[in-house]
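The structure is given below, and queries will be raised subsequently.
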Amino acid sequence: MPVVLAAADLDALVQALAGRGYRVLGPVARDGAIVIDDVRRAADLPIGLEDVQGPGRYRLERREHGAFFAFTVGPHSWKQTFHVPVERLFQIRRHKEGFSVIPDEAPRQRIALLGARACEIHAIAIQDRILIHGEHPDPRYAARRSDVFVVAVNCMRAGGTCFCASMGTGPRAERGFDLALTELVEPGDHRFLVEIGSDDGAAVAAELPVRPANPEEIGAAASVSERTAAAMGRRLDTSGLKERLQKNLEHPRWDDVATRCLACGNCTMVCPTCFCTEFEDTTDLAGETAERTKRWESCFTLGFSHVHGGSVRSSIKARYRQWLTHKLAGWHDQFGTSGCVGCGRCITWCPVGIDITEEAAAVGLPEKDG
Amino acid sequence: MPTRKKRPKLAVFKFASCDGCQLSLLDCEDELLLLADAVRIASFAEASSRVLRGPYDISLVEGSITTPHDAERIREVRAQSRVLVTIGACATSGGVQALRNFRDVKEFARVVYARPEYIDTLATSTPIADHVKVDYELRGCPIDKRQLLAVLSALLSGRTPSIASHSVCMQCKLRGNVCVMVAHGTPCLGPVTHAGCGALCPTYHRGCYGCFGPAETTNTGGLEWALVAAGASQEDIARTYATFNTAAPPFRRAQEEQLVQIRLKEGRRG
Amino acid sequence: MNVSSAPDPMLPEPLRITRAKREMHGVFTFELDVSARGGFPFLPGQFNMLYPFGAGESAISISGDPHQPDRLEHTIRAVGAVTRALERLGRGDVVGVRGPFGSAWPIREAEGSDLVVIAGGIGLAPLRPVVYHALRRREAFGKVALLYGTRTPDDILYRKEIERWRGRLDVEVEVTVDTAGSDWRGNTGVVTKLISRAAFDPGRAFAMICGPEIMMRFCARELERLGVSLDRIWITMERNMRCGIGLCGHCQFGPSFVCKDGPVYRYDRVQDLLLVREV
Amino acid sequence: MARTIKVDYLARVEGEGALTIRFKGDKPSAVELRIFEPPRFFEAFLRGRAYQEVPDIVARICGICPVAYQMSACHAIEDALGIRTDGTLRALRRLLYCGEWIESHGLHVFMLHAPDFLGYEDAIAMAKDHREWVVRGLGIKKAGNAIVAALGGREIHPINVKVGGFYRVPTRAELSALLPALETALGDAEMCLAWAARFDFPAFERDYEYVALRHADEYPFCEGRIVSNKGLDIDLHAYEEHFAELQVPHSTALHSVVRGRGDYQCGPLARFNLNFDRLGERARDAAERVEFVPPCHNTYKSLLARMVEIIQALDEAIRIIHGYAPPDAPAIAAAPRRATGYGCTEAPRGMLWHKYTLDEAGLVEDARIVPPTSQNQKCIEQDLWQLAPTLAAMPHAAATRRAEQAVRNFDPCISCSTHFLRLAIERED
């Protein structure tokens, strides 16, 4: 049964999590955006801030409503928490008999995600499928994912570039959380409907000053999600999309987008599911110790497809096509799911506002209409 | 396994430049003595009176070619060098002094010198690669000292130095920065600029001004949209490309595109 | 969530070189000591990631005999930094190894059929395990043909072995070179030309091809012309490979990963993609 | 007998140049400090640039003291625009400048000049016998660089300096993180001063005119009047009335003189002699402990003045960081207007004077930059005239080394004036 937590008591949730030894990560306003950082108290949250997002544009605006979670997703995603941007894998020391490999272990820590959105929970699940449930699990990723408490937040607004409703990933978190909050902001009555998704969630909820929810509140929460779903900034027709894209590898739209795309890689960096990495081997000056680090890589770099003699994908057209077809088509073949959760980050944070929904739709159309 | 046998010879050569890139080597305070153990510093005039004769295993070349004498000298350096690495914007693209390439150098000399006839200079400032074969290039005005150390360590270990040539944006995102162009409306050349600095300017809330020169892929025409949306005028855009890597072809073309548009606009008005 | 305790596939295992053989200029074969780990079982076509200390890592096919898992062999052409660093190593030195990774030639499936092995240049290395297998289980196959094309007579890989195989009556071995001096008595021209001359039954043949992409396409076309069913033609793909285990994304080829869905592919599954530029 | 003492490339100076001393018998007949750093025409291509770009462009004149160029330019442009950075922003600029002094002086003292006194070809060779001092020196230099990197973004050509202030100001934590290294460096610098004071300084004095900035109550960095020990006391605007720049055929750098008098010296020794009373207690005490007090007319001892200034800069940096609270805005706003502005700051090597004329849109119409090395160039030549008889009596190698050392007294940063030194000592009968 859902319960209700007064907005004024939200800090109790933060403290309950901290009290259980979780490092609480959540939305924080910094440098003109809402990013993910440590949340020590509820007051650290971006109270009253809304984000206005469009292709290639993001601004924060202050509102009077005093809501804790009135914004949508920002430039960061939980990818940085689990599939970290840069990490060392091992060191190698040279010695008389050859060399020894000294692996780096992932730090084990309990992490609580405060305010994960439905699309983000899906994105984490997609990365889990690739990095944990494949043939060769990534041990460091798996370790980071091993003790995570998820407090989901159901979006009360749809962002200007959101299309989770099209991708079937939101705006309401259906599973994959320990607790899920829906913020209800009414004059004089600011509260959260709290759904419990796990035993851990129930145990935490039991420590909070909550009361059972009444049917009106449950209904109000449901209509928050319905309103949000109806207000999506973007939509994408996914029926037969995979086949449409894979059939259209020579569509003229690829040439068109290539004149606009900068191959800067921002879209892949901000995408919560993009998982590609680069490895770099280094040595100390004396040549006695070597190490290998891993960092996020992008299919938009020339080096990504480099083989002896040159790059396989030297044109921007080929790189954009690789990205879009991988995300929306190849991913299904590889992992049985779309690689896109409709969060809209790649649209907002593309410096020139290239819109995946527009491009996919255009490529999916017969040539003369495209 | 045997460790390295012979200490390779490292030499540093200077052409027209501000000395900043070779100074980066002296700025490696923690590694300088280790480096001196790993290599024989055979020639590094800024730091040492010692000059060992070539050939050199690794030569670092700073600066651009601006005088007839230097055009000769770089050939000698190349002949003496097994691996030649150019360091910095001057050596890789002609540097800020290449602004002369597109103007009358005599006029420049008159602005600065009362007796310009004493000054012996070429009309252009050109990158080293225009004169001799270059093995690796380190970009930046100035270079990043961590990159310099990484390249030296790589060469000492027989590894291809990994010099990421993608956009500054990638490094910016790896740092977790908020994009200054999308979120602040600050014009930024990051999307077309070569990585290496670690996205310094955006980290300090300013737009990248391209001091690492053009990235491997540069769609400057595409970027114009964003720069204009962020409030840059075409004059601003042209000037920004015309600084520390003004003669790098993609940046040069970007300036020219802007200048042509400005002239067209003026023509229409006039 | 349970964390897998499987060994980290990203950690190179140091193995000592027991034999280093120069095959020709810039090409060499290593044998690695795998006795301490109880052998190195692999399937023909699979590859390892090799790491010469401090120099980086490269994907290299296993070129030895799959029936002798106590001898791990690789044949390498020195083209860049990593492969040149490998070239500098010799007996007693240690190489980091990760693997085996990737898909294999369909040697079981091919039993009962004629077998046509077509290699170009260094592409013979990943096919040598197939030849070894076929010779060991010669009775399981119909006709067996090895068609090998290379640049010049000096570039013939595994020359002595090829001579030995040629000496056998139950294998057809044909070698062709692009250019040769007047003392060369063998074939010249592209390897494709050998296909129609080889004795095998297109209706019941399996073809396995490794070489440059363009050569494989022409060979497949020729085989198709002769009536070999496209689903019985197998080729290998090469892409940039970093992790070897499908996590780094570099080696994607259309919807597949060359490191786990490949490097060996059934031709009919990739023929359309092969025609698209820059996939 | 004709004798030529030739140092074609004077090492361990920043830049490229050569020195020729010609003798007739034992008398010097010509002393030419030739700077052949290729001319880079900065003043010319500043024309038409927006004022906001000037600090970035002028930084590239010199990789050794980019902050100095940025500071002089900012002050001159702010003068033209009619704005002033005060309070915390001013303190941050001073902090940044402290960083550059520490780094630049550290480089010169430990890497370039000390090897002269101890007889090594470089600091690396010196480290074999004097490792702990080289390590201390590197530590000091690093502490200075750490300030510049934290505040400016990077050590060389900082990106965070802006007309009106900064692009982003540091957090308290970012600056406090520097303190431990600065404290260590300060203690080390005091030890190093005592160590250097025991060097064998050649006896060499001359009646110099010292020129430096002087501020009402601070050791000079960014502000003050231009004063000298020969009675000069002028506002920055009046610089051109009192100083002239001459072009000589043998050099791409211009020579500065005080009108009506001739060569003068600027830089650490000049500042020390003119502003000793403005030093903080810590630096003054340290100097007095080793009996290094003004007036000092031995330019070889400029090395000690540099050490004292390192102490001063470290002490001051620590004080600024302790008192730091981030300001409301990282910069004060400015609007373009047609005007001419002047700026003069004390680069590690001496006064660096800038003048800009801007048009209505804020584009540079005219720029003039007078770097310290060109101001000292004539002074260096004069020192060598006086030193010449001593050199004449010395064996060739020793004379060459001594001449180089004398040039290095000025830490000539030839990239500024324009680069590397070659020395030729020629004798004719």
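Residue numbering begins at 1 within each chain, and the chains themselves are lettered A, B, C and D in the order written.
Here is the rule we use: a residue touches a chain if its C-beta (ideal position, glycine included) is under 8 Å from a C-beta of that chain, and two chains touch if they have at least 3 such contacts.
Just so it is clear, the structure is predicted and the values come from calculations on it, not from any experiment.
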Task = Please find which chain has its CA centre nearest to the centre of all protein CA atoms in view.
result = B
Query = In angstrom, rounded to a whole number, how far apart do the mean CA points of subunit B and subunit D lie?
reply = 25
Request  = Could you please state the distance in Å, as a whole number, between where the Cα atoms of subunit A are centred and where those of subunit D are centred?
outcome  = 51
Note = The distance between the C-alpha centres of subunit A and subunit B, rounded to whole Å, is 36
Task = Just give me the whole-number Å value for how far the CA centre of subunit A lies from that of subunit C.
result = 40
In subunit A, residues with contacts to at least two other chains = 94, 97-99, 281, 283, 287, 290, 303
Key: Numbers and ranges of subunit D residues touching at least 2 other chains   = none
Key: In subunit B, residues with contacts to at least two other chains   = 1, 157, 159, 205
Note = One finds touching chains in the pairs A-B, A-C, B-C, B-D
Request  = Could you pull out which subunit C residues touch subunit A in their complex?
outcome  = 1-4, 6, 8-14, 16, 51, 53-57, 79-80, 93-94, 96, 238-240, 242-243, 245-250, 252, 254-257, 260, 276-279
Inquiry  = Looking at the complex, which residues from subunit B come into contact with subunit A?
reply    = 1, 3-4, 31, 34-35, 37-38, 149-150, 152-154, 156-157, 159, 162, 164-167, 169-170, 173-179, 181-184, 188, 190-192, 205, 216-217, 219, 221-223, 225-226, 229
Note = In the complex, the residues of subunit C that touch subunit B are 53-56, 80-82, 84-85, 88, 93-94
Remark   = In the complex, subunit A touches subunit C at residues 89-90, 92, 94, 97-101, 103, 130-132, 134-139, 142-143, 145-148, 246, 249-250, 275-279, 281, 283, 287, 290, 292, 297, 299, 303-308, 312-315, 317-318, 322, 326, 329-330, 332-334
Remark   = Note: in the complex, subunit B contacts subunit C through residues 1, 157-160
